[in-house]
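Please go over the structures that come below.
Next come two complexes, and both contain chain A; in the first it sits with chain B, in the second with chain C.
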Partner chain A sequence: MINLENISFDHCIKCTICTGYCPVAKVTHLYPGPKQSGPDLERLRIKNQRLVDASLKYCNNCKRCEIACPSDVKIADIIGSAKWKYSKKKLSLRDFLLSRTDLMGRVSTFFSPIVNFFTRLSVVKFFLDVFLNIPSKRKFPKYAYKTFRQWFSKNRDSQENFERKIVYFHGCYVNYNDHDLGKAAVAVLNALKIGVVIAREKCCGVPLIANSYFKKACKNANHNIKTLGKAVESSDMKIISSSSSCTFALKYEYANLLELDNSPIADRTEYITEIIYQEFEKGNIPKMKPVNIKAAYHAPCHLERMGSVIYTIGILKKIPGLELKLLHSECCGMSGTYGFKKECYQISQDIGSDIFKKIDKIKPDLVITDCETCKWQIEENTVYETIHPVTLLSRALEANNS
Partner chain B sequence: MQRYETDVIIIGGGATGTGIARDCALRGIKAVLVEKDDLASGTTGRNHGLLHSGARYAVKDIQSASECIDENKILKKIARHCIEDTGGLFVTLPEDDQEYHFELIRRCEEAGIKCKKISVKEALRIEPNLNPEIIHALTVPDGTIDPFRLAASNILDAVERGGTLFTHTIVTDFIRNQDTIKGICFRNRLTKETFEIYGKVVVNASGVWGQKICEQAGIELKMFPSKGSMVIIDYRINNVVVNRCRKPSDGDIIVPGDTVSLIGTTSKKISYEKIDEAVVDDDEVEILLKDGEKLIPNVSKTRVLRAYCGVRPLVAISNEMDGRDISRGIVLVDHEQRDGAKGFISIAGGKLMTYRLMAEMATDLICEKLNINKFCTTHDIPLPGSEKKTSEHKRIKHFSGIPKSIVGSTQFRHGERVHRILKKDKKSYGLICECEMVTAGEVDYAIKNLFVKDIIDLRRRTRVGMGPCQGALCAYRAAGQIVQHEVADGEDASKMMIDFFEERWKGIKPILWGDALREMEFTYWIYQGLFGLGNLISGTKGSGKGVETLEEIDQF
Partner chain C sequence: MNYDCIIIGGGIAGLTCGIKCASEGLRCAIISSGMSALHFSSGSIDLLGSHSGQDVIKEPYTELNRFIEENSEHPYKKCGADTIKDAFSFFQNEVSAQGLDLFSNEEKNHFHVTPVGTLKTTFLSQQSVFNKKIRDAFFRKPKIAVINIDGFRDFYPAVGRINLKKNRLFKDCEIITGSISLPDIKLNPKNPHEFRSIDICRIFDSYLDLNKISSLISSVAGDADIVGIPAFLGLNNYTVIIKSLREKTGYIIYEIPTLPPSILGIRLDNILKSRYAELGGVFIAGDRVIGGKISNGILEYIHTENHPETRLYAGSYVLSTGSFFSGGMTSNVEKIQEPVFDLAIDYDKGRENWRGQAFFHPQSHPFLSFGVKTNDYLNPYGPSGELIENLFCTGAVLSHYDPVKEGTGSGVAISTGFLAGTQIVQRKTGQNKRDHD
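Right after this comes the complex of A and B.
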C-alpha cells in the first residue's frame, strides 16, 4: 500500500545531475546512481513493493545528490526510506555492532586499553574480516578510557558562572573516543563567555539509519527530541554539536527521513562553527596567538548539505597564522560505517583517492575536517594528522593563555 | 505490385482485428491482417485500460454488464500478463445520490457480478489514498488491462500460428467481381509499395474508421463517433480501481495502469470528419482533474503526464440518420444480407472488454461462410506470455544478478516471454528507458518479434517513453537501436524521433504546466539545443508520417 507523504520524486525531470555528482556511481557500476535508485525506481516500488534492487545498499547517504538537484527532490531520503520500507533487513552481526555506537562505546571505554590493543592485532583483524566482513585494512578508532560525560560531570561547576549557556550534544565520538574534542569545544565556548550544559542523550541515530535499523533510530530520536527539547524549553538556549552528521540528524533527518516531529529542537540546533561564527561577527573574538601552520580543509558531505561549510571556513580564516588550503568539496568515501563494510571498502577507497592525492600534493602540516569519520579516512590514507576546526581554535587560544 | 492470396482478410489492427486474426489462426484459417498505422493505435490504445467487471454498465445496460463479467473471467485466465487483478471500488461521495448504491448492488447481483458493501474503514485500508470523506463503498472484481500488450499478444500468437500482418499499410481500393468482394488493394505508407490481396472473406474490423472502409466498398455504414478524454497521472496514486458510485458521468473513475494512474473519462459527440484530429479540450482536462481530486485528493498534488482522447465507435445498424437506432452493443453486419455485397462483413461497436467475444462472433460467421466446422478455443488457450506461471521465487533465482526492478518490469510487460528477452549478458539488460526500465534486450526482442517499424511502435510494445520524462532520455537511444537493427538508416531514424516527439507533444500540450512544462523545456534543450533536431524537418526525405496521414485522408 502506498502512503504518499514524500512525493518529491514527482518533481524529478530526469536531468541526471544528481548521478553526475554521486561519488559512488563515479567509481562503481554496481550502483546505478541516485536518479535511478531514488525517483525512477520509487515509481516502480509504488507499483510493486517487491521491485526493490539490492544495489540500494551501495548508497552511502552522503546527500550530495540532494545538493545537486535543481528540483528539490529528496533523493537520498527516498533511497533511505526505500531501504527501510520495502526491503527486509537481514540479520547481520556486523551491522548490529557497527551501528550500536552507544553500546560498543559503553563497553569499550571500560576496557579501552585492552580493546585498543586487540583491535590492532592482525589476527583479530583477520577474524573480523573473515567472520564479520569488516575489512582487515581498516583501522578502528581508538577508544578513550572512561567517557566524556564523566569528565564533564567533574567539571560541571565551572560552567555555572556563565550568564549565557548552550546545550552541547557531544555525540558518541566525543563521549567514547575523543574527549579532547569535547574539552576543546567547552574551552572555545567558555572563551566566548558561553557556559556549556549537557543533556541526557543517546546516539543521534546516523549509524542506525545507515544500517536500516529504523525502529531503533526512531527510538533514539524520540529520546533525544524529548531530553534536548526539555533542556531548552524554558529558555532561548541553542543546541550545538561538534559533529556535522549528528547536527544534520537532529535538525533534518529526524523530520525528513524518520518522519518524526522534531520541532522542539529543529530550529534551535546548529552546528558548532555557526554559533562561533555568529559570535565572531558580533565582535566577540577571544585573543588568539598565531598558529603558524599550513592546513588543508576538507568539507564533510553532511555539513555541505546543511550549507554550514561557510561558517567553518569563516572561523578558520579568523585564526591568525593559518595558511588555509580548501580542498575541492567531494566525499571522502568513509561515510560513517560504510567504509567498514567489506563489500563497500574498495568503493570507499576509490571515492577518497582523489582527496588523498590532493592532500599529498598540498603537503600541509595538518588536515582540518568537521567530521570524525572523514578524519579516520584521511588519517588512514595519508600521513597527516587530521583535526576538528574547533580543536585548532582551542590550540590558538591555548597558545595565547600559556 | 505484389499479389497474395488467402482465406480471410482482416482490416484493422485493434483488439478486435487482432482477436479475429488469432481466432482464425487457432481454427486453422489462413488470415492476413492489414492495419493503416500500428497495432492498437486507434481506439483500442486510447481508453482507460479498465478490465470491466461490468458494474459500470449494470444499472443501465445489463446485457453489456453480463458480457463484461463473462469476458472478465476469461481474460483473467488467458491474458494474465496483460491484466492486473487489482480489484475495484465503488465509492459514494457526500454530494452523490445516497440510494444509488443499493440499485447497483441489486443489478450487479442480477448480472452475476460479485458486488459487496464494505465499511469505509475497510475501503480506506484497501486504498489508503482514497478520499476519507466517502459515505459508502462497494467492492467489485474490476481490474486493469493493457490494450497494447493485448493486441500485440493476439497478433503474435496469430503470426506464430501462420497468420500474416501488414502494419502501416492503407487500404486503397476493393477488388470486386460484380456483387462479390474478392479482395483489397493496399499500399505501405513507409515504403510506398503497393499490394493486391485476394481472399474469400473480407472483415472490416476497423472500428470507427469502418464507415470509411465501407464507403470504399460502396456501402453505407453510419458511425456516431463520441470522443472520450482521459488524463494520465505521473505515478500510481491508487492501487485499486476507484469508481464513483453514481450514474455514469465525466471524471468518475481512476484506474491504475502499470506505473501510472489514469483519470477517465469524458464523453463528447464529434463530427465524423474530425475523428482523426480529435484533441482534448481544456474544459475536459479541468473536469477530469477536479472530479478526480474528489475521489483521490492526491490528484491535486501530482504531476499530470499527458491527456489523450479516443473515439468510441457507436454504430447505426440501419441507415436512419436521426441516430435513434444507435446500438451500444456489439454489431456484426453480414453485408451480403444487408447490402448484397458477398464476402464482406463488418464487426463494430462493443468494447475493449468484449474484443474476444466480438472476434468469436465474427470468426463464427467467417466459418459459416467458408463452410468450416470448427469451434472457438480462444477462451481456453492462453495468449503467448500468459502460459503457466513461474513462481516469483524461481524467477528471481533464475535471473539472479539482474536487478529485480528490471526482471519484474520485463515480466510484467511480456509475461513468461521474459525468458526469451532477458539474458545474463550485461549489454542485454542495459537500460534504454530509465523511467520504465526498458532494456536493450527488450527493445531487441520487440524489434525482432513484435512488428516494430518505428519508435512509436516500439513505445506501444515496451513502454519506451511512457514515463515521466516522456522520451527525453530514451528517444535517442531507441533511435540508435532502430538503426542498429537496420530498421531504418540514421536519417530516417532521426525523422522517427521527430514523429515520436510530435506524438508525445500532442498529449503533453493540453497539460503544459508545472513539472510537465519544466520537463518539456529540458527535452527541448536536449533535442533542439544539443541535437538541433528541429532543423531536420525542412528539405529532408524520410517517413514524414504525420503529414502524409492527412493527405491520405483527403484522398478519400
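Right after this comes the complex of A and C.
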C-alpha cells in the first residue's frame, strides 16, 4: 500500500540543488546523492521494495540536503526511513557495539582506566581494524571513571534551593565520557538561577538510528518520551540537552523518522544555548571575566538543521575577551559513528579536510563546537583543543569566582 | 539586543543588504530557508533590459531616468538613478574583493546565450560569459564550436546551434557542434550516475587532467575561435581551470549557463556568502521566519518555525523573501498573500487576471509584479494598514516590477538591498531618514 501521507517527495522539482550540498556526494561517487537516493528512488521503492540499493548506507544523515532544498522536501527523512522500512539489517558485531553507547558506557566507566589503556594500544587497534572493520587510525573517546549521574546524585541537594528548574537530558557522552561538560552545564544554569533536575533517561537513539536498529531506537524513544514527559507534565519546566544531536532526536527525529508521538516533550525540548540566550535577552547575564582568547567556531550539522546556531553564536558573543572566528558552515565528516566504520573512514576524512585546513589557517587558541563527535574529529585532525560553548561559558564564570 | 539588523531571506537582495550593513560595522544576522533564486539564475545581473518587453535597451543608465518617470511606482523610482549606480559599484567592488570579477560592456548591456541557444540581454557577467576579448571576437565573425560532455543530459549542442543561427548576430558565423568524453573519470558502476552540472563540476574541481581535456577539446573544435561549453568548469577552482583551458587550447572559452543547479549562479552565491561572513555577518540557513510582533508601527521581535517561542530582537529588520518561487509570496484559489507578516500587498483581485496569455510571452505574466506595497523608503504596511518603520522590504518580494519583461531582476534586488542597508546604517548611527529629493 502506498502511504499517501508521506508524499513530500512529490514536491521535488528535480533541481538537484540538494546534491550540490551533500558532503558525501561531494567526495565520493559511491553515493549518487540525495536527489536520486531520496525523492527519485522513493517513487520506485514504494512500488517495489527490492529496488532499495545498498548505497543508502553512505548517507550520514547530516540533513544538509534538507537545509538546501528550496521545495521543503524531507530528503534525509525519506532516505532514513527507506533504510528502515525496506532494507533488512544484517547482523554486525561492530554496528552493535558502536550503537549501544549506553551499554558500552556502563561497562567501560566501571573499568575506565583499563578500557582507556587498551583502546589506545596498537595491538588492540589492529584487532579492531581486522576483525571489526573499525579503522585503526581512529582514536576512541576516553571513558570517565564512574558516571555523571553518580556525581549528580551527590550534588542533587544544592539544586533544591532554586525556584526555577529545568530538566537536563545529559545523554551518553556526558554520562560516560565528559563529566566536566555536565558539570559546566549545571554551573552555568545555576549562575542563571536555574536549578537542574535529572530524569531517568536512555540513550536518545541517534547511534541506533544511524546503524539501522530502528526497533531498539523506538524502544529508547518511547522510554524517554514517557520519563521526560512525566518529569515536566505538572509544571512548565523545559527539557534541555547539551548535545545538539540528542536535542534533534528528542524534538524532531522521534516524530519525523520513528513516527512516534513525541508531543509530551517536543515543544518543551530545546538545545541548551537557546535557553541561555533567552535568559541573556531578558538581561539575566551572570558576571563574567574576560577569557582573552581567539576561538574558531564550528556549527554541527544537526544544530544547523534546527536553526539553533544563532543562539550559540549569540551567547558566545556575550563572553568578554573572546575573539570569535566563524568557520564556513560545512559537515566535519564524523557524523556520529559514521567515521568509525572502515568503509566510511576515508569519506569522513575527505569531507572534513577543508575544515581542518581552515582551522589551521586561523591558528586559534581553541575550537568551539556543540557536538561531541565533531569534537573528536577536529581534535584528531588538528592540534587544537575543542570544547563545548557551555564549557567556555563556565570557564568565564570560574574566572569570575576565583 | 544581539543584532542591529536581522534579514529574512538570503538571496541576492538579502545578501547585498547584509554586506552593506556588515561593512559598516553593524551586527547582522540573515535567516534563510532553502537556497535562493541565484541557484536557478544565469549568474548574470540584469539592470534594465527593456521598456515594454519588446524593445531592447542598449544603454541602461541613459534610459533609467525615462524608465523611472514612466513607472512611478517601480522600486527603481524609490531608489533613484544615483542610488542604483552607487549600488552597482558597491556590489561590483564587494564581489571583486572576494575574488570574483563581474564585467560590463562599458556600461552598456550585452547578451548571454541560454542553454537552448537564444540570447538574453543583461548587464554584468562573469569573465567566461562576457569580456572584452569575447566582444572583440564578435566583430571578426568568429567560428564557434559548441561542445558537450558525453552523458550530460541537460544540454543539446545541436538545438543550441539551430537557435543561434536564427539570430542576426550569428547568421554569418560558422557554428560546429561536437562532444567529448571525460578521461579517467571514476564512476560507480552500480549506480546509474546522475551526471548533472554539479557532478561534472566536482570532477573538474578535483582531479581532472587539464592537459588531456584540452587536447580533447582541440580535437573537436579544430580551427574554431570560440568554444562554448556548458557552465560546469568548477565551483572552487574555476578561475584556474578556465585560464588553463584557454592557454592550453588557444580558444576563447565561453560558459553557457545550464539548467539548475546553475553553477554560474552558485559561484555568485558562494562569493556573496563568503564576503558577508568575512565582514562578520551571521548566516542561519536551517530555519524559516514565521511571524513577529508589530505594535505601534514597530516590529518588536520575530520568531521562527523551529523555535516558535523564542523571540529574536533587532533594531531593524529586512524582508527579502523573494517572490512566489521562493515562498516570499503565496497564493491559493482565493487570494494572494505575504505569508510572514501578512503585509499589505498590491495585486489584482480578479484571479483570471493573474496570468498572461501564453507561457512565453513578451508581456510576461501579471502575477510577477504582484508583491508587497511599500512607501518611498521601502517600509511596508501591516495587516491593518499601519506603516512599519523599522522593517524594510527588498528584492523580488516587492510589487510593481516585472523581472522578466523589464530585465530588472537582480538589479532591483541589488539596488533595494543597498538602499535598505544604507537606511539601516543611518538609523543605527542616529541620523534622520535621508532626504529623498
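Everything that follows uses one rule, which is that the second predicted complex is superposed on the first by the 398 of 402 C-alpha atoms of A that agree within 3 Å, B and C clash if a C-alpha of one lies under 4 Å from a C-alpha of the other, contacts with A are read in each partner's own complex, and residues count from 1 in each chain.
Operating definition for what follows: contacts are C-beta pairs under 8 Å (C-beta built on N, C-alpha and C of every residue); 3 or more make two chains touch, one makes a residue touch a chain.
Every value quoted in this text rests on a predicted model; they were computed, and no experiment measured them.
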* Combined model on chain A: chain C and chain B, fit or clash -> clash
* To do: Quick one: classify A:309 as touching chain B (first), chain C (second), both or neither.
  => second
* Asked: So, A:44: does it touch chain B (first), chain C (second), both, or neither?
  -> first
* In the three-chain superposition, say which chain, chain B or chain C, touches more residues of chain A. => C
* **Which superposed partner A:15 touches (first chain B, second chain C, both, neither)** => both
* Asked: When the two structures are overlaid on chain A, which partner does A:326 contact: first (chain B), second (chain C), both, or neither?
  -> second
* Should A:35 be classified as contacting the first partner (chain B), the second (chain C), both, or neither? -> both
* **Partner chain(s) touched by A:103 [first = chain B, second = chain C, both, neither]** => neither
* Touching partner for A:71 - first (chain B), second (chain C), both, neither -> both
* To do: Figure out whether A:26 sits in contact with chain B (first) or chain C (second), or with both, or with neither.
  => second
* Classify the contacts of A:52 with the two partner chains as first (chain B alone), second (chain C alone), both, or neither. => first
* Asked: For the superposed three-chain model, which listed region of chain B (314-322, 440-448, 530-538 or 548-556) is the one that clashes with chain C?
  -> 530-538
* Structure fact -> The shared contact residues of chain A with chain B and chain C are 15-16, 32, 35-36, 53-55, 71
* Structure fact -> In their shared complex, chain A is touched by residues of chain C numbered 1-2, 27, 29, 31, 33-36, 39-40, 186-188, 190-194, 196-199, 202, 260-261, 266, 274, 277, 282-288, 304-307, 309-313, 326
* **Residues of chain A that touch chain C when the two form their complex** => 15-17, 19-21, 25-26, 29-33, 35-36, 53-55, 63, 67-72, 267, 270, 274, 277-278, 281, 304-311, 313-314, 317, 326, 328-329
* Asked: Given the complex with chain B, which residues does chain A contribute to the contact?
  -> 1-4, 7, 9-16, 32, 35-36, 40-44, 46-48, 50-55, 71
* Given the complex with chain A, which residues does chain B contribute to the contact? -> 128-129, 234-237, 239, 256, 258-259, 298, 301-303, 392, 403-405, 408-409, 412, 431, 434-435, 437, 467-469, 472-473, 515, 518-519, 522
